[in-house]
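Remarks on the structure that follows.
Chain naming follows the written order as A, B, C, D and E, and within any one chain the residues start at number 1.
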Amino acid sequence: MNVPAAWYLVLAAVLFGIGAYGLLTRRSALIMFMCLELMLNAVNLTFVTFSRTLSDIGGQASVFFVMVVAAAEVTVGLGIVVAIFRRRSTTSVDELSEMKG
Amino acid sequence: MLALSYALPSIIVFVASAALILTGAVGVITLKNPVHAALSLIMTLFGVAVAFIAQQADFLAAVQIIVYAGAIVVLFLFVIMFLGVDRREGVEVQPLVGQKTLALFGVVVTISGVVFMMARSHWVTGIPSLSGSKLANGAHNVNQLGTSVFTTYLFAFEATAALLIIAVVGAVLLARRERSTGEAQ
Amino acid sequence: MIKIPSAHYLAIAPVLIYFGASLALLITSALRRSRLSASAATSLSVLSSVAVIVVAVFEWLYVSRHGASETVAHAIVLDRFGVLATVAVALGTLLTSLVAKDWATRSKILGIENQILILATSAGAIMMAVANDLIVIFLGLEILSIGLYVLVAMDRHRARSAEAALKYFLLGGLAAAIFIYGVAILYGATGTTTISTMSLYFATNYLLHPGLAYLGGALVLIAFAFKVAAVPFHNWAPDVYEGAPTPITGYMAAIVKVGAFLGFIRVILSGLGTNLDTWRPILFALIVLSTVVGAVLGLAQKNVKRLLAYSSINQAGFMLLGLWAGTARGVASTLFFVCTYVPVIIATFAIVGLVSGASDEAHDIDSYRGLGRRQPWLGAALAVLLLSQLGAPFTLGFFAKFSVVASALDASGTTLGLVTMLSAAIAAVFYLRWTQLLFADDKVSQSRVEIPAATGTVIALGVATVLIFGVWPTPIMWLCQHASIAFLP
Amino acid sequence: MMHSSWWLSALLLVPLFGIALVLLVRRRPGASYVAGIGVATVEMVLSIIVAWMYNPNISRTGIDFATRHVISAPLGLAYDVSLDGISLLMMLLTSLTLLLALIGARDKRREPALISWLLVLTTASMGSFLAHDLLLFFLFFELTLVPSYFLISQWGGAERIRAAMKFFVYTFVGSVPLLIGILFLGFKNQHYVRGALDFSYTTLSSVSLTHTASVVLFCAFGFAFAVKAPIWPFHTWSPITYAEAPTAGSIEMSALLAKLGSYGLVRFAIGLFPLALNDMRPIVLTLAVIGILYGSAMACVAADLKRVIAYSSVAQMGFIILGAISGSKIAMIGAVLLMFNHGVITIGFFLLVGFIEKRRQVNTIKDLRGLQSSAPVMAALFTVVLLASIGLPGLSGFISEYLILLGTFATHAWWAVFGALGVVGAALYWLWVYQRVFHGQADSKNREIEDVNSKERWVLVPVVALILVLGVFPRPAIDKISPSITNLIVHVSQAGASK
Amino acid sequence: MNWFASVDPLYAHGTTGIVILIAIIKIVVGFASIMGAVTLMIWFERKAISKMQSRIGPQRWGPFGLLQTLADGIKLFFKEDLIPAEADRFVFKLAPYLSLVPALITFSIVPVGGTLHIAGHTVQLQIANPPMGILVMLAMSGISVYGVMLAGWASGSKYPLISSVRASAQMISYEAALGMTIVTIILATGSLSTHDIVTAQAHGIWHWNLIRLGIVPFVVFLIAITAELNRPPFDVVEAETELVGGFNTEYSSLRFALFYLAEFMNTITMSAILVTLFFGGPAGYVPPIHHFAWIFPILWFLGKTVAFAFSYIWFRAALPRFRYDQLMDLGWKRLIPLSLGWMLIVAGFLVNRWWGLSMIVTVIAGWFVLTRAYSLGADRTSGADSVLPEVGQRPTPSRLYRQRTTKGEK
């Protein structure tokens, strides 16, 4: 007999909470992204657990979409971080060129 | 009594996955160095994969590793190393004006609420599935998953294509270098 | 062999048109040696918006003849509610693509990517509004959000733009995670992610232990509050509004409201409708806080974009009233509010964008001093738009506020009616202060604001909508009423 | 046969067309002024024709020119205007105020815009007086805020922005319970008849309410009207607003907009919630009396002329409310008459103060002295208006105040007694003001003051004429009013009896 | 335990002691043989390359120098263990294992032979046959990048860091093409399990995926897998001439040995995977010899694998290293579209002929579009729109000419 679904659900809830806490308290953007991933993983775990208890494939299919979304989000999020860095460095470059004359 | 009524292997698997997941998660939110945090994240991801396998979602477990560990975290590390965020100052934001205790309080309250509510509804109401087909065991569930994606979730599946296109276009746009020099000519 | 579900192409045509146009632009621009001109891109995007509106008319007629239907394996629903949402989104897209063209020229943002992204983002918004499946709503939400993150970060000349995008991204991501967690729990509680099936489940089953369903609904609601920037989940709005390029701010304010409100109305009223009373306290708190906090904090703002952010928080509180009521009248009034908000807010931000100049930085309220003296038409236009947001009589805004308050009262929400109207009185102060500055006679020498043709058209359209339908709201109200009657079970 | 409602529509539309005209000719200096006066004259003539055509006995309710077109059923929005005895005088007052404000208080700063706002204000207040539908009334009632706000904030004195904001927020907040109340009534009716949403006065006055609901709604409506009127203690916005507004704005606000409050009280608060009257009457009467006494007291110590007028208006509004709420027919007729007469008198006051201000740039009492010697005609005109305001027999103020006190004494003697003190107070502060401003030794500036010129005299002619005519021959006016009042009284008593 | 049984017939009669014993034996034997194979592989590579370069190669230790690897191992084992001061110690120590373990795990899904019947149990000659089968290989190839990346990063040194960044980008770039070709195979087989994949190819050479799917997936897979392995000519990660020694510059002693081991283990494993996917794995002619028939599939498998191991060595000896941007171009602009197009065509033909033909038409049209876009993009790379930094781009004469003419038009 497998362990009851509740155990996994609580695990997922705690994972979600840890992720949310990290997202709210950490200051580094990259780590906040990681916290988002934690939260989405908690969601996936919940989906899979419910999928098992309900004997329904829908939950597993949903996990699929959550993963796609996670990937898309990370792509764009990291793009934004890169953009911020680029702009910072360009501003410093601009200052330098101004100094040059 | 509670624990012993279940098969020992499944308990071991659960404990192992929980340990992996929670250790990793705590690592993510406590470690200072983003690379270490990313490693912790991988740990969590493996833990989740283990939990998937334990619940007969082995296909998803593999996909979990391929997509998350194989691509997403690699991307993280790539950006961390590419920008040197771990050595220089990182990108800092303060999205909410909440303090740590406030966040902790909120999260704890929410999670205990979640657990409480779930417990109140006896974790799951146990209704038969309303849509899709019954979950089969083992190898067939990959087929089932595929069928489900192309029938019940067909539109969602098509939408993911759009989502990915937008994400790619957006990422390219954002990460593209400034055009200042090119246009000045 | 898998039996592929049949698709009713009329129902998904708007989404297809927008994606198609977006892809067409993308591919064309990749296959041409010279850069595709901004006007060509704008024309295509305007054309596609017009096409969507035309399709929407046919959809409306179809629904009138055959009734509402679900298609693509119940993922998409073709009903008047969705059709009206489609029209609102298309309208917003049309106006924004015009404004964005001038903005790109002015701020030297080359390329046509803004049009590509706007089109795709609109498809996401429409998807949210016509979806009958929580997963599809989630994907629509993500398409909408991701497009917006990029659009917000588009302005390469301002570092603030990307930082705003980051902030928006993080909180948007949080909202998305909360939403999908709620969906997961609802799935656990009901065994489905399809809204109509879910509502059927609730209608036919008495839940002995409804905790799970409540929890899922509450999480979905919180995510929704994040998206529409309802207090206390509003903290991102002022910064993001300020940092985003101005035309995009207008687009964001309009489109997110349409997508989020109409999508979530479907979830909460149609999917979870039978336990509306459970959500009411939450909605009540959200409404009271949003309207009051939005109005009060707006008073202190000197930056017009932040001011409009708080204003939109306040307005979001009003829009929630119809949701709180949960009646056909409530849905109709929220629809009315949301739909009429689109042209008004986009036109307002169009003007703000014009005044802010090429750098998109002059957002201090003092930049508007004497604007109406130098350029009476522009000043009058802005005054009308602001008065409409204030809810002055014989503007569209009055009927919007009137209808939502009326629907709340109809559902015996006298307290809510009082509180929201009082907040409107507080909010009136900042609208009026701004309006009055427009005609202040302090002689501040400032150059004339150039009004490009496309943006001018948008502003004129916005003002005309406000004034014409402010006296004769009948057609819009008729549409909204018809969209909502058949909508509720 | 009822008259066509097109007359009333014309009254509403003429100022709007006037705006277009004014804006068309805005480039030519002075042309907008001429156009504005032309429009105002047309409006005035139209009003007089309508007043002449009005037949008080055409229906049991005294309503003429009625029409109703539903614009948007789901919103309950309908175009529903009509005219009865109470609104008749108000309509005349509206046109008159516009005409006199335009002619007598010319302000050349951005004239086209100023005139346009005045015309908008005219349509708005005309609409409020003519609306038979509560929602339409509310729309127009709220619309008055916008032009008033701009008039004050754009053309007012040094403190204009604060004053304008104060005015707007107070009155806006005041109208919130009104809106809620209107909606409540509408839904009550709709749920009762299970039909479309309908805010028509006729429909809503037949809604059966519980006693409590009636009282609560009366308070809601009363609050809105009390703020607008203004009635003590909701008057605090008015002195600064009147003082800071440009003369034309002050005239419109005190002569006209204040009447919206008392009109609303008579027409809607009393007409819709007769059940609440017995409970609310003592309170409202007390407030009215306090207002009379307070207004008089404050007028005594007010430092400038506009504030004196403002506080005197508070006192006069107290009289109007006293009469309106007292429940006696005579007093109510008096109250309606006083609304009109007070409007006329206030126009006169503000015009005269405007003249002084134009010459001396100040209106503080201590800076003015001995104007009588240099400007005797002005002093004479001021005296006439002042005496009318005090209530000297033979002038218009007397007849209305007399009717009010007479009626009120019959029903509520004690309040009438205290109210009568107000008459004494009025005599006190007006004569004192007159003495300080016009008597005494004029200093150099005041000595060189120019008397009213011929044009200004012509402006004041209608004011004085109306004061005199209505003072000695109020019969026609009373005849036009009384059927409507009777109907109201009957309605109130029937409602009380059926309870 | 129903689930286990559906995965592996070994568990059909429940998990008894003997079953567990068999499982353990399988693991031990598998592990031992791959370790042995690695030593041989290292020797083989050195020897083969020497021969190709007309050198002698290792010859002192053992016959033909067969024990050379062992000797090297002993040497490395006794060397001093250096950790740079700037290094991130934990990650530095962790990285080699992250390299090694995925290779081992991947090998566990390779079917090295047919089935045996021992004591009434059906034993598959592969360590595990999970239902998601081939995905394990993808997952592990995704994980194996961490070894390289983290090693480079943790060294706290400049060149290893560059190597890390290159490694991560390269892995992600080629994984897509890899995945797409695997999808082609899965489509043809209808199953993810490696056992099923092999079984489907068992009926003769014409059923091998190499032939059945056209040569293209094989070629793409071969290239992509070589890139995933960081084997020459895709070894920009450890390009000695550019990056000193790449990610393992700072490593020494046993940790270096682990990396070394992992690299060759990966080579063997991937050869085995290639054989499994495209060459029928253990399929081949089995002579009718009783009791020893089971040995022939293993021999077939070994033979094919060695052939591929040799081909890797051959690549190393014969091909020059790619430049980094060329590597990216090949991955993103050639392999991914090619594998995607081929996948579409295969999928089309699996439905019916007309779908297949229409897919061919679509793919050809797409090819034209892409060609056009690439040729334009080539002009733009140096200009305003360039995504990549302009590292080492030497414009070809034709491109220079085109640039000049387009500028002239302006």
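In this section, a residue touches a chain if its C-beta (ideal position, glycine included) is under 8 Å from a C-beta of that chain, and two chains touch if they have at least 3 such contacts.
Because the structure is predicted, anything quoted here is derived from the model rather than measured.
Student: Give me the chains shared as neighbours by chain B and chain E.
Tutor: A chain counts here if it touches both chain B and chain E, which gives C.
Student: Report back the single chain whose CA centre is most distant from the CA centre of chain D.
Tutor: Looking at centroid distances, E is the chain farthest away.
Student: Using mean Cα positions, find the chain sitting nearest the overall protein centre.
Tutor: Central chain is C.
Student: Between which chains do we find the greatest number of C-beta pairs in contact?
Tutor: By contact count, the leading interface is A-B.
Student: Could you tell me the distance, in whole angstrom, between the mean C-alpha positions of chain C and chain D?
Tutor: Roughly 43 Å separates the two chain centres.
Student: Indicate the whole-number Å distance between the mean C-alpha point of chain D and the mean C-alpha point of chain E.
Tutor: That gives a centre separation of 91 Å.
Student: Please tell me the distance, in whole Å, between the geometric centres of chain A and chain D computed from their C-alpha atoms.
Tutor: 64
Student: Roughly how far is chain B from chain C, going centre to centre by Cα mean, in whole Å?
Tutor: About 29 Å, centre to centre.
Student: What are the residues of chain C that contact at least two other chains?
Tutor: 110, 135, 139, 142, 146, 149-150, 153, 156, 162-163, 166, 170, 185, 188, 191-193
Student: If I count partner chains per residue in chain B, which residues reach a count of at least 2?
Tutor: Each of 56, 59, 63, 71, 75, 82, 91, 93, 95-96, 114, 118-119, 123-124, 127-131, 141, 147, 152-153, 156, 160, 163, 166-167, 170, 172-175, 177-179, 183 in chain B touches at least two other chains.
Student: Strictly by the criterion at the top, what is the full list of touching chain pairs?
Tutor: Chain pairs that touch: A-B, A-C, B-C, B-E, C-D, C-E.
Student: Can you name the residues of chain D that touch chain C in the complex?
Tutor: Its residues touching chain C are 71-72, 74-77, 138-140, 142-143, 145-146, 149-150, 153-154, 161, 164-165, 168-169, 172-173, 176-177, 179-180, 183-184, 186-187, 197.
Student: Help me check something: in the complex, which residues belonging to chain C touch chain A?
Tutor: Its residues touching chain A are 135, 138-139, 142, 146, 149-150, 153, 156, 159, 162-163, 165-166, 169-170, 173-174, 176-178, 180-181, 183-185, 187-188, 191-193.
Student: In the complex formed with chain A, which residues of chain B make contact?
Tutor: 5-7, 10-11, 14, 17-18, 21-22, 25-26, 28-29, 34, 37-38, 41, 44-45, 48, 51-52, 54-57, 59-60, 63-64, 67-68, 71-72, 75-76, 79-80, 82-83, 85, 90-96, 98, 100, 103-104, 106-108, 110-111, 114-115, 118-119, 123-124, 126-135, 141, 144-145, 147-149, 152-153, 156-157, 160, 163-164, 166-168, 170-175, 177-178, 180
Student: Which positions of chain C touch chain B when the two form their complex?
Tutor: Answer in residue numbers: 2-5, 7, 12, 19, 23, 26, 72-76, 110, 113, 116-117, 120-121, 123-124, 127, 133, 135-136, 139-140, 142-143, 146-147, 149-150, 153-154, 156, 162-163, 166-167, 170-171, 185, 188-194, 197, 201, 205, 207, 209-215, 235-236.
Student: Would you tell me which residues of chain B are touching chain C in their complex?
Tutor: 91, 93, 95-97, 113-114, 116-125, 127-131, 146-147, 150-156, 159-160, 162-163, 165-167, 169-170, 173-174, 178-179, 183
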